[in-house]
Every structure is written in C-alpha cells, then in structure tokens.
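Next come two complexes, and both contain chain A; in the first it sits with chain B, in the second with chain C.
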Partner chain A sequence: MNYGPVNWLAPPLALVLVILGVAWLAWVNRLAGDLARGRVSLETLMGPPRDMLRDLHKEFRLTERPDLALWLGAPLLLLTLTMAALTVLPLSPDWVGADSSVGVVFFTAMFALTLVAAYWAGWGPNSKYPLIAGYRFVGLMLAYEMPLAITVIAVALPAESLSVSSIVATQQAAYWNALTQPLGLVIYLLCALAVPFWGPFNVVNAPELAGGALVELSGAPKLLWRFGQYALLLTTSAFAVPLFFGGGAGPWWPAPVWSLVKILLVSGALVALGHGLGRLRLDRFMWWAWVVLIPLSLLNLFLIGLLILIWPGLAGK
Partner chain B sequence: MSMEIVVFVVLALAAMVSGWLVFRVDSMARATFSLLGSFLAVACLMLLLASEFLFAITFLMMIGEMVIMVLYMIAFMMNPAGLNPMNMVHQPRWAAAAGIVTFLVLASVILVTDWPVSEANPPADVTAAIGHELLGGSMLIFETAGVTLLTGMIAVMAMAARRGRFGDAIQVQREDDDGGGHDHGGHH
Partner chain C sequence: MHRARHFAFGRPRAFPVVGLGGVEPWRELLLHRQLSLGRGPRDADLLVLSGEIPTDWGNTLRALFETMALPRLVLYVAPGADTDPLPGLPPGYTASSVEGIDWTLLWERLLDSQGPSARALLADQPPTPWRGRGDHGQGGEGMMGGTPYGRPMAMTMEDPDQLALDDVPTALGPHFPGLPSGLYLGLRLQGDRVRQCEGVENRFPSQSPPPGSGHREPALRARAREAVPVADLEQARLRSHLGWLADLLDLCDRPGLAMRLREARKDLDSHALRRLLDRAESRQLYYQTRNIGVISSAQARQWRLAGPVARASGLKLDTRNHDPAYRELGFQPVVERGGDVWSRCRVRIRECYQSLDLLDRAGDAHTRAPEGARGSFLDTAGGGLDTPSARNLAALQPGLAGLEWHEAVLFVGSLDLDTEEAAWR
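What follows is the complex of A and B.
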C-alpha cells in the first residue's frame, strides 16, 4: 500500500478537469437536444451557463418536515463518490491519484454509493414523487450493478490484475479490450448510462414523476445535484477508456492528452446517445438487466476466459 | 501515537457511534444509513489489516445489502405508517439487559483469553492469496455456506410473499382481474 508522496496539486487539478468535463457534457447535451428539435441557435451556446446562474441565485425552498441531513447530503455524496472513484483513474502511468491494486473493485464500490445518494435525494424532502423516484432507482440500479461488476471482472481477466493501470498496460502490450470484448463494451456502456441515471434510465429526475427528485429541489443544492449527475456520467464513461480503449495509447500526443480526448469523446457520445434511446417501463428495464444482461455478461466472462486459455497472446503473453 | 492508532480509534469510534445511532434516530432511512455507516467504518478498518481487497469488497457488499434492506422494508411493510417517524426499539428493558450481559461475557472472553501472536508475515499479494483460498483449499466450505445462505433467503422470501403483501385481500382482486382479462380476450 505504498502510493508514494501525496501530490497536493492533484486534487485541485482533478476538480478543474471535472468542471471542464461537466461543462462539455452540458453543452453536448444541449446541442444534441436542440439538434433533435431542429432549433440550434445562440441559446444552445448560452443555455447551460444561464441555467447555472438561474439555479445559483434562486433561493432554496424547504418542504414540510424534510430530513435535511439526508436531503442536502445527497448532492454532496454524489459529488464525493465521483471524486473518490476518479482517484483510481489513470490518465497515464504517472498521472493517477492512487494506483490501487484493487482499483476496479474500488470504483465499482464508489459507483454503488449512487444508490445511497439517489435514495437520500428521494427520501429527504418528505414528498411523494421524489420518494417514488428514489425507490424506483434503487430497484433499477441494483439490477444494473450486477452486469457492470461482471463485465469489469471480465476486463480484469486478461490483465490478471484488479489494478486499472495493469489493465491499461496489458491492452497496450496486446489488444484493446474493445476489440476482444465487444459484448462487454456494450454492456459496460449501458451500465455507464444506468448508474448516473442518464437518458432513458433517468428514473431519479424522472419526467413522468413531474421531475422526481427535482420536484422539491431548488437553488444551489439543485445545481450541485445536476453537477453531480454530469460528473458521475463523466466518470462512468471515463472508466471505459482505461478499461476498453487502451488508456493513453495513441500516436503523436502524450498519454494524458490521449486519455482526456478519449474521455471527452466517449462521454459526449453517451450523453448524445441518451437522447436516442427509447424509454421503457421500469419493470421491463429490470427484466432486461436480470434476464438478458446478467447472462450475457457471464457469457462474455466465460468467452474471454476460454479465449485466453486457447490463445495466450490475447493477454500479451 | 502512530498514525495507525489514530486511524483505528477514529474508525472504531465511528463504527460504534453510528451503531448506537441506529436505535436513537426515529426514521427508517436514518436507521438504515446509520447502520451502513457503522459497516463502512468496519470496512475501512480492513485497510489497517493491509487487505485492500477486503476493504473494497466489504464496502461494495454492505452498500448493496443496506439498499436491498430499504427495498424489502417497503416490499414487506404491512402498514404504510413505516414511512412516518417511529421508535426503533421495542422491549427496551429486555434488550438492555441482554445487551449488557452479552457485552460482559464478550469483554471477559477478550480479557481472559491468552491470544496467540502470529509470527507469519502477510503474503506478498493478499488479494491473490484470498482468491486461492476461496477457490482452492476452502472452496467446499465457502460454496456450501454461500449456497445455504442463498437457499435460506429464497425460502424466506417465498414463505413471506406466498400470500402476497395484502394477504387474502389480493386474491379477490386477482379473480376480478382475471375475469376482466377474459372478457377482453376474444371470448365473445
């Protein structure tokens, strides 16, 4: 457990990068929505900062007998779990917060805290629709957490390591996991949409529940909650880069630049994809996870294990 | 005082205080997440045992466990008043007596026992050692325990949910639904 000296510049740098990434996602989201409706204008560019300022100067409305600790704790926890997960994300072998030997288990555990944050956001205001939204998300995400974890294990298999850096190094020595495990990539990306409740999986801020957890949330906590959701989406899609797209591998540019470019591309694609996927009824979403995705992710795990046994070169040996 | 002692004391206190809060708070949600806080503090204690894997996996499992618990609380709640503030203890006198007796017995066991001190160093790769233990020598034990627990959970669910959340009341409802379904099903 020797991680070397603490670099005090790393946390503020990570926060700046997350803020820039969230700004990018907010703009991509706005652009994708406006393109779909055919009304791209100056409003597309100015919309996200205007929304931010609007939330900031609005007052925070209280409800009747809220559980303030959990309600206000929800956006804080959402952002905290995101930053904690990012500590094990390597931009290059040197650019990493803490190269934990069990990095993939650690970030999966941090993603699981989303369940807690969403439940708090639902329970906190002591209001009907947020409560239902929180409970719906608990059911939904418990179902999508399983295929996520199994897919992540399948990615760790060729590297014979749970460290994210080793997974990157193995891909750079052999083949990207995106090529060897396309099925795993699709499952991971679906779960990367489900965990930050984006697009069709947005049962937390659900439009069919008049906004779900957002019904009663206002002012700066609402801004923090929306920021946290974007930051989490950025993080879940960012991990696709070291897990499937060879981390910082690429010509001409240094590794951290390539990592950042890939992260912006993957997260931007997922945000735009959120506008294109159909919304299913909740029980059908859960049916897909339990009956289709979990067996498929087990099949993916079995196939990659078999492939490595037959062809060790796949794992760089 | 070394850093490890400080971390141990902070985490141990966090585990105990949040465990105590479980019975002092008045809402289902707060009790659940106080208990989760206690478990997570214990998970962090694993780091002091140089086992990052046990830390991360306990953290992950405890979150899942507690969140499944809040789901089951609703699923098996007979009375929606459970969403209101409520008292988290019942039979407080008996519980206090049992708690004190258990504490005295366990504490005296700690003090009386002559604990062996291991000379062995932890293995170079703790995670790999755990993996070999789980899927090697002790596989039969772990698998038997795991499958038994799973069977127990499914059995309890089946027994609790056999008559449904509303008991006999739902039976009448279902028959009505079936009748309605047939009418629309093309029997005319």
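What follows is the complex of A and C.
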C-alpha cells in the first residue's frame, strides 16, 4: 500500500477529476450525436449544461408503491462503485489512491457489482418496463464478464502481479500491452462499453422500452443515474490506460498529465464509437460472447503465455 | 434562478399523441430546433396532442399527463384549432400549425409554477385500495394468479423450454413511443419474451376518410376511379416510406440518420435521398432486423396482408402491376422472400429508389391504381372501404407470440400500421 503524502488529497481530487471527465464525455456525446444528425450548432456546446439544469429543475415523481431504498440507492451505488474502482487507478507511481496488490481483482469486482445497481434501478420503481430492463442487464453481464476477466488476466500475466502499478511498470520496462495484445485490447474495449451499458450495449435505457430503467425516473435522481453511467464509462475507459497504454508513459509531460490525456482520448473515442456502431441485439451479443469472445480471449491468454515463454524480454526480463 | 430555469427548458422535450390527421404536424414539429424528443412521458415537458384527438381518449391522456413530472404543459397542434381539445386536460398552448407557435408564450406557460398544468388532475391514491397482508400491502404471501384488489398477478406457466416462469400481463400502447398512437396490445410476458398476445385494439373511432387525408389521398382518389398523376402517387409513397424508415431507425437507436431522413423527406432531393438510403440499407440494419417476425407467404395470404408487408413475404400483390400507365413506365413490383423485418425494410427502401426513378420518368402520366404506400385500398362486399392497415393488423396477434420484447416492438413497427387509416370504413 502507498501511504504517501498525496493520499489525503486523493478523494476530493478524484471527485473533481471525475466531474470534469463526465463533463468532457457529455460534450463529446453531444457532439457525436449532433454530427450524426447534421445539426452542429451553439446548442452542441450548450446542450450538456442545459440537460443538467433541466434535470435539477424537474420534479422527482413517484410511482405507485416503489421500493424507494433500491430505486434511489441504484444511482448512488453506481457512483460508489465507480469511485471505489478508481481508488486503484494509478495516474503515476505516486498518484494512486490505494496501490493494492490485488488491484486488478478489486476493480473487476466493482465492475461486476454494476449488475446490482442496474437490477435495483429496474426493480425499484415497481414498473414493468424498468423491470424488463433490469432482467436484460443480467443476461448482458453474464455474457461480457467472462471475456473481460480472462482478458484482464492476460494483461496481468507479463507482470506476474495483480497490482495495476506493476502492470504499468512492466509495460514501461518492455512493450505496451496494446502492442503485444491487440486482440485483448479490442475485447477489453468492447467490455468497457458493455459494463456501463453504453452505445451498442444500451439494453438498460433502451428506446424499445421507452427508456427502460429511466422510464419512471426524473429530477435529481435521474441526473445522478446519468452521471453515474458516464462516470462508469469514464472508469472502464480509464483502466484501459494502465492495462494497455503504458499508464503515464510519454515524453515531456509528467506521468499524471499523460495518464489524464490518454484517459480523455480513450473515453472520448469510446463515446463517439457508441454512436457509430448502432445497438446490438442482446440475443446476438450473447451468442457472440459465448461462442466467439470467450474462445478469443482464451486464445489471447494462451498466445501471450507462449510469447513470454519464447521471448522473456516481452515481460521486461 | 429564473434565468437558469428558462435556460434549462429552452429546448423542451416532447412526447406525442397523434390523433386524426396528426402525423404530418408531429413530423414537422420533430424537425423544429426548439424542441427535442422525450423518450417517455416522464422524460417530457410537453404532451403534444397532434391532430384531432378522439374525445374518448380523455381518461387515458389524463393519466398520461399525470405521469409527467413538473413543469409540464399540453401543446395542442391541429389545423384550425382554437380551443383545448379535451375537457379533462388543463388548458395548455394551442396552435394551428408549427410555424404559428409563439415559443416565448409557450415557455411562459410551461414555467408557470402556479398555472393549471402544475395542479394534480387525479387524486393521489391507488386506483383500487390495497388491503393485502404482505409487508408492503400486497395481496398476501404465496398468492399467485388472479386479479386481487384490481391488480393482475403473475402466475407460473411453462415456457417453450418447459421451465415454469412467471407469466406477467402487460400492455404495449396505446401511446408507446415510436409506435402508432391508439394501438393497444394486451400481452403476456415471460421474462422479456411474449408468450401470447391476448388482444389487439385500435382505439381510433370508426369513420369515413376525412377530406385531405395526407399521403393517402392520391390512392384514395384513384380508388374512386379518378385519374391521378403518377408523380403524386409516387411522391406520397416516398414520403410515407421515408417517415416509416425514420421511425424504425429511431427504434433501432439510430436517431442521427432518422433525423436526416426526416429532413430529406421535406424536399425529396433525389441525390441526397439516394445517399441516405444507401446509408440506411446497411449491414448494421441487417443484423438488427434479420430473422425477426418472420411471416411466410402462406401466412401472408391467409391473413390477407397488403402492400410492402405482403411483398416482403414473396407475394406479388401490387395493383400498379396491372395498370397501363405503370406498365408503360416499365414498372415491376419489388418483392422479397424472407418475410422478416429486414425484408420489409428492404422492400420499402427499394421502393423508395423505384419511386425516385419513376418520378424522373413519369412526366404527366396518370393512373387509376389505388396502391397507397401501405397497400391497395379495396372495396368491401358492402361497398365500404377495406384499408391496407386494417388488413395488416391481422398479423399482430399470431405474429407476436414467441418474440422477445425488442423483437416485438420492431415487428409492430415494421408493419407500418396507420391506426387512423385502419379505422376507416
């Protein structure tokens, strides 16, 4: 564990960075949407703050006999899981909330618990469409969780450690995992979109369910849910940086700046990609995940293991 | 605070309810930059009542308006409208056309926190009392099935895999976003799979087609043995197909392309349209819609399906095929064999290309083929009107069984049902 002097600043700083990151993603999302519509204007810039203020001024209206604890707890849980996962994200060797020796296990566990938040959001309002949305996320999560876990193990293999900082250090001593495991990178990025049910994986807030988990939600809780979803997307994208892009490695700038720049680029690209891909059918994705993605992630794991045996320099030895 | 509130609702979100003759005013409103589309009533600020709303929808609309969070307002858009349409709803803002909307006044009424729209329309109490014995007032532990205290309860039923799953009664419509207003489907769900469609109800009242029936007018005139310019008929078909395609793309979560198609359908610029149609007929749409809601040619014949829906199932049903004017133009009906949602997309997209070609060649050719965008208008044995939408409604009940929820919504959308037209007699 790192108990350096920067740690007491970490929680408020992390919150500020997450808020800025979410604002960035909301703006990129708006820009990508308006580009697709052919309607880029001043409203593209004003849209995200307008949406935020609108939600704040909108009434929170109850449904008949909701389970309020779960309904209102869902966005809070989503946000809590995000902030918890971020504690093991190193911006540099010194800028890390908790440099846990099992950081990889910790953040994937936080991602897995998203299931609980999505199901609460479906169950809480005592309404049918959100409930269907909750069911569907269970199916989606079961499909993406295995390829995600196997890919993350493959990333940890060259470092022979489950610490995120060690994975970064190994890449800085040898090669970035994005170069040695391109297949793993693609699988990870797909899962990084699926965990926060974004773009092609948006089965929770889907239009054919009139908004799904959001159909009964309004006012500040809705703003919190949307914020949580953006923050989760930011977090899943952020972990691509230490896992695949060498963390804070880069010339001229200090490591935390490089980490932040890379995070903004990866997350922005994923948000824009979500607009270009169109939504996947859940049945088709489940077939793809079980029949194609899991074998591919196992192949990736096998290949990287074999490569390290043949060429130990790949793992910085 | 006041300024922040004004800024926040500067582009209010709308939820539509489309009445008689209301499709075109709503589509026009959708293109307006002052407005955005709400995903559901709770997400919306404006309940847009477009066209003439049947008076017996009052109770449903009151309940719908009551689900909307404050601030909220009813926006009534109908040609010649000067009063609020339904006595049960609070006075909102009334305009005879989209151009006639005074947005400043509309915002003022929307943000009036003491106005009639802010008051509750219904008493804040359950529709029927809860007297159950459970912790949360439910019917009682261990109870299943029936409708205790006016609330239908799930009962376990065997699903296709012989698993005992809860069978949940639910409804699609009568005002589901992206699907035609007034269409109510009573469904039994197991998980998100439709086990059975118990009933299909069109809530538009039966009536004669009113004069000036939008895109259907040229085909209706042709049905009355009037010679109609081929160009009019094909323009109407093109506009209708493009409107349908935009709505389907919205359901497939592709709002960008949907918006571009809606804009292009205003002036029907051939070059721009061909480019957009190329983009729409993509592998992406293919993967999203293939093998969903398959209707075989035998089923299409048995259910007397019409127009592109029948042609997508391999039936060469098109009255233009026997029309001398169309024969002279070298017309061949567009037919697909798959019978699924993708085939219905393909037929309509290919018919758009065909209409663009025919518009180039038609000149002042006239026709008496009563083939509208949704199929042919026929005479019933009693001399009444048999509309394609009424015939295509027959596919819903048998076609929905076994579909997953997203498939069910796409299936209904793919039939291009016009509930107003289906009620014409």
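One rule holds in what follows: the second predicted complex is superposed on the first by the 311 of 317 C-alpha atoms of A that agree within 3 Å, B and C clash if a C-alpha of one lies under 4 Å from a C-alpha of the other, contacts with A are read in each partner's own complex, and residues count from 1 in each chain.
Note that in this section contacts are C-beta pairs under 8 Å (C-beta built on N, C-alpha and C of every residue); 3 or more make two chains touch, one makes a residue touch a chain.
Here the structure is a predicted model, which means the values were calculated and not measured.
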First, second, both or neither for A:S100, with chain B first and chain C second: first
Just chain B (first), just chain C (second), both, or neither: which does A:G250 touch? neither
Of the partners chain B and chain C, which touch A:Y135 in the superposed model: first, second, both, neither? both
With the two structures laid over each other on chain A, which partner does A:L113 touch: chain B (first), chain C (second), both, or neither? first
Tell me the contact category for A:E145 with respect to chain B and chain C: first, second, both or neither. first
Is A:L53 contacted by the first partner chain B, the second partner chain C, both or neither? second
Which partner does A:G316 contact after superposing on A: first (chain B), second (chain C), both, neither? neither
Chain A residues touched - chain C or chain B, whichever exceeds: C
Looking at the overlay, what does A:G211 touch: chain B (first), chain C (second), both, or neither? second
Go through the superposed model and pick first if A:P66 touches only chain B, second if only chain C, both, or neither. neither
If you lay the two complexes on top of each other, which residues of chain A touch chain B in one and chain C in the other? 135
Where on chain A is chain C touching in the complex? 33, 35-39, 41, 43, 47, 50, 53-54, 56-61, 64-65, 128, 132, 135-136, 202, 205-211, 214-219, 275, 277-284
Using the touch definition from the top, list the residues of chain B that touch chain A in their complex. 27, 29-30, 33, 36, 47, 50, 52-53, 55-57, 59-60, 63-64, 66-68, 70-71, 74, 83, 125, 127
Contacts from chain A onto chain B in the complex sit at residues 1, 67, 69-70, 100-102, 105-106, 108-109, 112-113, 115-116, 119-120, 123, 131, 135, 138-139, 142, 145, 149, 162
Which residues of chain C touch chain A in the complex? 4-5, 7-11, 33, 39-40, 42-43, 67-71, 126, 130, 136-137, 168, 170, 176-178, 189, 191-192, 250-257, 259-260, 263, 284-285, 287-288, 404-406, 409-410
